[in-house]
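Please go over the structures that come below.
Shared between the two complexes below is subunit A, which has subunit B as its partner in the first and subunit C in the second.
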Partner chain A sequence: MKFCTVKQYFDDENNNNVTNGIATTVIPLPNKHLKIKANNKEMEQYEQELLRNVMPQELTKLILAANYLNFKEALDFFCRTVANAIQNKSVDYVRKFFGLESDFEPGEEEKLCKEFAWSFEGVDED
Partner chain B sequence: MCESSAQSMSKCTELTLNRDAVIDTDRISNLPDSLLYHILSFLPTKEAVATTILSKRWKPLWTLVPTLDLRDNRWEKPKCFKYIVYRVLALHIAPSLRGFRLTCHSPCNSFHLDTWIHAALARNVQQLHLEIYLDGRPDDGHDYKGKDFKLPSSLYTCKTVVVLELRGGIFLDPPPSFQFPSLKILRLSKIIYGSMNSILTLISGCPVLEDLSVVRVTTNRVISFKIKVHTLKRLHIGFKSYKPEPPDYNLEIHTPALEYFRFSGHLRNIVFHEKLAHLIEARVNIYAPEDWTRVYEIYYGDRVFKLLRALNNAKFLSLFPGDKECIAFGSIYPSMFQNVVRLNFKVTPSNWHVLLALLLVAPNLEVLDLKKDYDNENRLCWMELPDAPGCLSSRLTTFNFDGFEKLDHEVKFVKYILKEARALNTTTIKIPAKLSKEDVFETLSMFPGLSTTCLITVEKDNSLE
Partner chain C sequence: MGDSPDLDLISDLPQSIIESILTRLPIIEAVRTSILSSKWRYRWASLTHLAFDEKCVTSTNDRTFVENKLINFITRALFLHQGPIHKFQLCTSFLTSCPDIDQWILFLSRKDIKELVLELDENEWIRVPSCLFNCKKLTRLELSRCELDPPSTFKGFSFLKSLKLYQVYVASDAIESVIINCPLLESLSLSYIDSLTLNIRSPNLKYLCLEGEFKDICLENTPLLIAMSVAMYMTEDIAEHMEQSSSCNFIKFLGGAPHLERLIGRIYFTKYLTVGDDPGRLPIKYINLKIIELYQVSFEDMKEILVVLRLITNSPNLKELQISSSSNSYTLAAMEATDLEFWEKECPSHCIFGRLRVVKMTEMSGVPHEMEFIRFLLENSPVLEVMSIAPCSSVTEGRLNMLIELVRFRRASPRAEILFIQN
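Here is the complex of A and B:
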């Protein structure tokens, strides 16, 4: 039902978007989802377990794979996980997590800090 | 405030950053903008805005995220929250909103709320979640007694809303000829209704409604209402009350396409007018303060069975028929639960007989999941197990008992199941920390007629104490 694009993937040999490793994680998801859809608590535990085994770098590939396969539930799930990982964290933590470096002009960053001071309140201790 | 770099890594419960790993610049920043918006759409707006400072590329991203989730924290000054919301609405430029969530727990003037809701409606909002207390949210456990927020009339003409959730001190009074042509999911929690017909008027204007949840805090007068939706697939009804007097209500339900039904709270009169031929799952959770049941207990058992009879087509049944509510009851199940494959039951000393009666009429049961409601009174429980063989489903393969304390009646029951369920292949018994696994296991393995193909596991439940 959700896998019209999967067939396309297997037909398209030059596809680099979805490696085999990712496919084995993404594809079994719908069955598990259906089984425990009713019980939210179990779902959270399952999600936490699944992601303990996945490195942050892999998440990028998983998100791209889910997007390519048009698999909405998996895409939402992985994106939500990234969102949860950066929620309430300091700017430096999030930069490290995303692999970013500040490329602002001097003073520009401070200006933003003042302008949106309210959004930086209540951050976890690093 | 905006702190500059700290050296140690913070705790991350779900994912850990390997300190020694080379920082791979080819990471999430590799994703296209559309997927970054999607990630940010799961954050409260406050957090999304904070990403503006990450880098030049990230600076404008939050303004195009198609969701807004504005929450005020009670410890923040209310004036601050209003200022923030107006600024965000001015800077945020996503042309249409997939979701708009407004949670207002501090006192707020209704014209601000009107303005903000208008802004969302103007952007073709699809999912709208409002939780509003005009005079400030009361502390947990108390009824809200302040002024109610009247929804702006422009809301009742919204053609784009697909999900609508209203909670708190909101006054709902739909005009007689309104329509929500796209609404599929409607959640109403503890709000105030203009009249008895408000709910019916509201749902009559929803031609494609599939999912309805109504949780009511009951009032002094008798509540009578109808739920008549032939497209409805999921229904959740809840009746809660903080008042000392028991509530009274009459609910008529016409939902022939229903697949999922959930009830929680105090049970009074619920009548299903059509057979629920498509019902897949039913969850019934009944509880009421002790004073009520003392007065009404003669009728309570009958009410429980009447409700269950209407749900007898379900494949998955989850039931807590209450504790003291079931002490006196009339007839046992007059109908069969032919389709029940999985039964979750919450036992107390007062409702074992309900479980036993149900097992007699569930010939296709495959999974039995018992959870005990911990009761420190250690009441005596009288249980009469069937003498004749063949009373238990011959398809029962899995049996779980969470909360086994080796009480007499529990041992009797487990022995009965282990002996009668011929197809049983997995049994899991969860015991509290105070018991010993070996001791329990020894007791179980001494039962006569134990199947050699059944795997029995005894686990400790360390989550309590």
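Here is the complex of A and C:
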């Protein structure tokens, strides 16, 4: 079920996907999840805490770990956290968040903006 | 200037994870990711779940302006989309009937659509285009406020598991035929579809929800039904039809659902079940029925009481019972005991509710038959834990009498708490 891959992980020593640090965050999750499942407010607070204390890099590693461990609830939770972090933020903010760099030719980005003008309305200030 | 592979956290994540993140954003933001970098230009275009509403466009007071922008947005998004679309949801009151909706559905029918949700304006009922019936892979269909007219050649949706129609204008035989031609149907919800006369034949149906003015419903073949929620409204037409009917509604409705686990009946449901010839001893026992909730039960109508009794005495594993009374006429006349021998006559002498733990009676006025019903339950429920009684707010003087009577009743369960709820 949920934890058959965990056993696999511990048996498999040469594991590049999941580092020890990540495992300590992901594995206690089901207990925390169960404990605060009923209380949405607490989940929100936990999410805020996670966002503050955990860098986007760690967050992506957490996502990959949850994916590898086939842990659906954790995966949903982390994806939701990422989505909330970038919701209604400007393009530059999101680029910084994910470590992306614009590789468009000068003028190309402007053109793209026009092409997708129908989607650029009402964004948060950075 | 290019992406440094060390810094880029996200572009190489599996598509399923990207999708999981982007579908949690409003679609307009998912589309905006096209500008992040060249790798991202069309990442959003492979999303398999698309959900649109009027928040996709800036709102103004000009309805036509918003409508046009929305149509533009959806059309462009679909035009640029690549790959299959498994889920499409459109919920807005800004779209009046327009040919674009027809074209979108045609487009979706070519994209392996599995889940389709359309919730539109209540003033303009669109006629669902026939290409909807070509969406062969549909597993879930939800339509609100539209007109449905399946073509005569329609053979059903072979994979449809969930069908929900809300305020849809459709003929009874069309619905019947859709239901019977969707062999995998598990969940059916029909709300406010007027004057439906239905014979439901659905061998895999598990969840049924009906609300509205139904003329005649028969669950002819629903052997796997586990939960049912029904709210029946009445019109003069329907009342007349009911008076002339002789077939037993109780059997027609509940006779074919032996595995029922949960039953909720509202408005005129119990009255509906009284129609027709008395079924006498029921041929089936609802051994899985654990929760029964019945609202607007008239304790002044012997036939309705009989329906309730019949139901609970044939449910040996009943755990929770909730009854809301509609007899809110606290008058001296109503308080006169009429026909109390009924209880001795109709109650099976060795009836024990061996698993009944919780009973909630609400909107009580303390009319004799309500009290007798409570007495009957208290005397025959050896493991009862809570009997909660809430008088209806218009009854003020009768409360003391109710309490006096309650206190006298014998209880089969030493653990039973009687809670009298005062507001």
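To be clear about the criterion, the second predicted complex is superposed on the first by the 122 of 126 C-alpha atoms of A that agree within 3 Å, B and C clash if a C-alpha of one lies under 4 Å from a C-alpha of the other, contacts with A are read in each partner's own complex, and residues count from 1 in each chain.
The definition used in the following text is that contacts are C-beta pairs under 8 Å (C-beta built on N, C-alpha and C of every residue); 3 or more make two chains touch, one makes a residue touch a chain.
In this text, all values refer to a predicted model and were calculated from it rather than measured experimentally.
In the superposition on chain A, A:63 contacts both subunit B and subunit C.
In the superposed model, A:104 lies in contact with both subunit B and subunit C.
Note on subunit A: of its two partners subunit C and subunit B, the one contacting more of its residues is B.
Touch criterion met: A:48 reaches subunit B, while subunit C stays clear of it. Contacts of A:93 after superposition on the shared chain: subunit B is touched, whereas subunit C is not. After overlaying the two complexes on the shared chain, residue contacts for A:79 are found with subunit B and with subunit C alike. Residues 56-57, 60, 63-64, 67, 75-76, 79-80, 82-84, 86-88, 91, 94-95, 98-104, 109, 112-113, 116, 118-122 of subunit A lie at the contact with subunit B in one complex and at the contact with subunit C in the other. Touching subunit B in their complex are the following residues of subunit A: 38, 48, 51-52, 54-57, 59-60, 63-64, 67, 75-76, 79-104, 109, 112-113, 116-126.
For subunit B in complex with subunit A, the residues that touch the partner chain are 1-15, 17-18, 23-31, 35, 38-44, 46-47, 49-56, 58-59, 73, 80, 84, 281, 316. Those residues of subunit C whose C-beta lies close enough to touch subunit A in the complex are 1-4, 7-11, 13-14, 17, 20-22, 24-26, 28-29, 31-41, 57-58, 69, 72-73, 76. Taken in their complex, subunit A has these residues touching subunit C: 56-57, 60, 63-64, 67, 75-76, 79-80, 82-84, 86-88, 91, 94-95, 98-104, 109, 112-113, 116, 118-122.
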